[in-house]
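Shared between the two complexes below is chain A, which has chain B as its partner in the first and chain C in the second.
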Partner chain A sequence: MKFFRTIRYDLIRGILKRPHFLLMPIISVMLCLRCSYILNLNEVAGSWLDYVMFCFKGMKPYNSITVEEGFMVPLLWIVLLGAMLYTSLEYPFKDAGTIGQQVILRSDKRIYWWLSKCIWNLLTIFACFLLIYSSVAAFCIANGVPMIFENFYEATNVIFSEVNDSFADSVILSRTTTAVLVTIIMPIISTMAISMFQMLLGLFMKQIYSFVISMAVLIISAYSTFPLALGNYSMVIRNEHILESGMKNVVGFILSTIGILLSIAFGSAAFTSFDIFQDKKNC
Partner chain B sequence: MYKMLSVEYRKMISGRTLLVSISLGVLISIINVIENQSFVTWFLEGAMIGTSFSTINLYVRWIGVDQLTLGSSIFFFIFPLLAAIPYSWSYLSEKQQGYTNHILVRAKQKNYFVAKYIMVFFSGTIAVVIPIIINFALNALVCPNSTPHVLNLLTPIGQGSFFSKVFYQQPLLYCVAACFLYAFWGGVCAVVALTVSLFVKKPLFAMMSPFVFAVGGDFLRQLLVTPTSTTKFETSPLALIRATSYNMNPAWYLISIILGLILATFSIVYLKGSKNEIL
Partner chain C sequence: MEIEMENVGKTIRGTVIIKDISLHWSSGNIYWLQGYNGCGKTMLMRLVSGLIRPTSGKIFVDEKILGKELDFPPSAGILLENPAFLSSYTGFKNLSIIAGITGNIGKEDIKTTLNRVGLDPDDKRKYRKYSLGMKQRLGVAAAIMEKPELIILDEPTNSLDESGVQMVIKILKEEKARGALIVMACHEAERLRDVSDAIYTIEAGAITKVITH
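And now, the complex of A and B:
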């Protein structure tokens, strides 16, 4: 019972009462405006799914040997994911240093606090995605874009123009399950895994360092298609349904789930000896 | 003033955050060296027969110029954070703990802020320059030393770039100039965080502010770019930090931006700091 009260407290204090979530609609509407501009320039129409795919597009696989230009960080994708990671960065440890100490003292087990924060973290990322999808939907409704769960080939061709010579056969996501997998499940679960990893790191170092490391993970993901670089699975352009020889969804799902479970397990073990009265002066 | 500077210097240099920031920077710069080592080995094994040594040249592959490796990409993306982490949070932290009150009953408020500004600038400078110098030294162990070829397409230094003539004539001198440029950018990023810390309450937000400005600026620039919107000079904040750029970034352009930012931040810190009623 006390555990559920802790979760309820986290959801109210950590999600409903935080202004950080406003970043999501702002960024996603800006991305929609850009997508709309690109589609209009090429005189093609897109659907809600095309706009969502643009938001989580990412960049095509990078090869440092064959390129003629240097590595360009996929900024539009990194800003969106970075905003989500920033949203889930501060609250748990700020809480541990203040009112959370009372919660830990009054709950039956110390581990409840950590488990509650894990659930909060996962729900925070989920809420961020929900806000992004809703904002894109609002933009589409306002601009008369069809709200369908299917992408248009012409729009997909324009959005992913850099890889349209190596499209996978299933590039038209007409089957709802495929569309859900590519645009919802994979980006959400891989971002959840990175966010959980960031929170785990926060037990051992200052939050600014854990944020720096998460940013490094995102850049490594953009640079390399190594399966353990989980950011790869949140880039729609690298999905096996878009790109021939793209990232395998099954591998991504398994690795992300393992990442989340390991973060919870290691965090549970580490939190039993975590000093909640530590010096927080340097954040 | 001298005493205040000396106190601030001791606080800055003995802080663990400076050491951690430098270590993080060195670690990232070593990634670049490892990548270069494997590339040079691959090259020397005959993978690119017929190409000149300028592809694996030290002056082209060190982190200050290279734009192809992962190490270089990570380093310059988190450059504003690396510079801001060591000491930019100090004012806010000292204010929240009441330490500033003890200082200000013993010294002039203006002197406190000037000393703080100088030391924050210095902390940003050393946090980014030490990893870059170490990277150059380590790369010298693996990459051959020869004069860069002007026709090498891997080097984004052309006419109108920062000290482009010097790069092709006296590359070592170029490296020294680039290190100075990075030192100044490091300092600027740190003092931007200090300036923001005068207006916010969270040290974390203040530390992240130069990163947010650089990435946010670049984000907006990428959203607004159109097929006809070409600029003569580099406008991307993240690209401006680098000595090398695909658009023109002449020395006078970079120096004016840096001096402008130093002037703006110093004026804000001096005026706002000396007017603030802290006690």
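And now, the complex of A and C:
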């Protein structure tokens, strides 16, 4: 029972009572405005799914960028994922350094605290994505964009214009399961894996450094399609259903799941012998 | 409850904080740790609470090894360093949140405890509006509200006025009579000398003198 009470405590304190989540609708709406501008410029209409795909578009693989295109940075994608990683950054350690000490003491087992924080972390990322999808939906409803779970060919052509000549055969995500995989499952699970890794690192260093490292993972993912660069799997433009020879979903799913489980396992082992101080720097 | 330390040491980043401490504590007693700032009193209390692990030696709580068979003493209340609560909640709400983890006490118990420490349970002020003395009282309340077997109080009279000091002394006597094992570090030497059952003098992380009453 204490474990479930600890989880409840973390969900209330760590999700319901934190204003960081406001970043998601703000950034989402800005992205939607940008998408709308691009689509209007090309006089095409998109669907809700097109707008979601734009939010998580990312950047085409760096090795396919030409000299004429110049140096590119997937800034919008980095800002969106960076906001999610920032949201899941400091709560566990800030909490442990304050009232959380009283909670840890009463939870009987150190592993309860860690597992509760793991559940909190995963649900935080999930909540971020829900907020993004909902914000896009609200934007679409307000602007008369069809709320359907399929993309329009003309809009997809415009949004992913830089890879038109390398489109996968299945680029129009006509099957709902494929659309869910590309736009929901893969971005969520790969971001969860990076967030869990960030939290694990937070046990050993200041949270700002763990955030810098997780951002470095995103930047490395932008410029390398190495399978372990998990950020690749949250870029819709690199998905195998969008890009010919894109990132394999099965590989991304397995690696992300392994990453999440390893973070949980290593964190459990580390926190068992961790010194808990009332000082965020030491915690 | 019985607490036993066998050759307990703690080293952090090469610095020896606690040096080869052995002792035995039992319920119904007040143990007072005294020593200069930085001598290791708080670290010793952290070791007993399970929040930090010893580098060497063993700590037994009712014959179970802390850190191996137990993560924390099964029934403990602590006030370590500065009280830390949620600034946007009232004192009552803060205690409710903490008490909600064990589910052992109800609202009336929390209100009774707040009255014991001289705080108004119906006070609508948020914690961030509390004076230092009020914050300290709330810290004491958190440590005693669930009637734990082990109570650890680090400088409980900090920032308290005369009535606050009297309150702490009264609570110490009541909790001792209840059978709690109380470990305390405090600078109120004259007042608390008579209340304590044993006084441990700590210097440079080691116990240099023990006076029992």
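Note that in this section the second predicted complex is superposed on the first by the 270 of 283 C-alpha atoms of A that agree within 3 Å, B and C clash if a C-alpha of one lies under 4 Å from a C-alpha of the other, contacts with A are read in each partner's own complex, and residues count from 1 in each chain.
We adopt the following convention: contacts are C-beta pairs under 8 Å (C-beta built on N, C-alpha and C of every residue); 3 or more make two chains touch, one makes a residue touch a chain.
Computed from a predicted structure; not experimentally measured.
*Asks:* For A:F204, is the partner it touches chain B (first), chain C (second), both, or none of the two (neither)?
*Replies:* After superposition on chain A, A:F204 lies in contact with neither partner.
*Asks:* May I ask you to name which of chain B and chain C touches more residues of chain A?
*Replies:* Counted on chain A, the partner with more touching residues turns out to be B.
*Asks:* Which partner does A:V103 contact after superposing on A: first (chain B), second (chain C), both, neither?
*Replies:* second
*Asks:* In the overlaid three-chain picture, which partner chain does A:V212 touch, first (chain B) or second (chain C), both, or neither?
*Replies:* A:V212 sits against chain B, while chain C stays out of touch.
*Asks:* Output check: A:S273 vs chain B and chain C. Expected answer is one of first, second, both, neither. What do you get?
*Replies:* second
*Asks:* Name the contact category of A:Y153: first (chain B only), second (chain C only), both, or neither.
*Replies:* In the superposition, A:Y153 touches no partner, neither chain B nor chain C.
*Asks:* For A:L76, using the defined touch cut-off, is the partner it touches chain B, chain C, both, or neither? Pick first, second, both or neither.
*Replies:* In the superposed model, A:L76 contacts chain B only, not chain C.
*Asks:* Give one of first, second, both or neither to describe whether A:F4 is in contact with chain B, with chain C, with both, or with none.
*Replies:* Once the two structures are laid over each other on A, A:F4 reaches no partner at all.
*Asks:* Where on chain A is chain C touching in the complex?
*Replies:* Per the stated touch rule, the residues are 1-2, 5-6, 8-9, 13, 97-99, 101-111, 272-273, 275-278.
*Asks:* Which positions of chain A touch chain B when the two form their complex?
*Replies:* Residues of chain A touching chain B: 30-31, 33-34, 37, 41, 64, 67-71, 73, 75-76, 78-79, 82, 86, 89-90, 207-209, 211-212, 215-216, 219-220, 223-224, 281-283.
*Asks:* Within their complex, state which residues of chain C touch chain A.
*Replies:* Where chain C meets chain A, its residues are 12, 46, 49-53, 67, 71-72, 74, 76, 78, 80-82, 84-86, 94, 97-98, 100-103, 142.
*Asks:* If you look only at chain B, which of its residues touch chain A in the complex?
*Replies:* Contact set of chain B toward chain A: 17, 20, 24, 28, 35, 66-70, 72-74, 77-78, 81-82, 85, 89, 93, 96-97, 153, 156, 202-204, 207-208, 215-216, 218-219, 222-223, 226-227, 238, 246.
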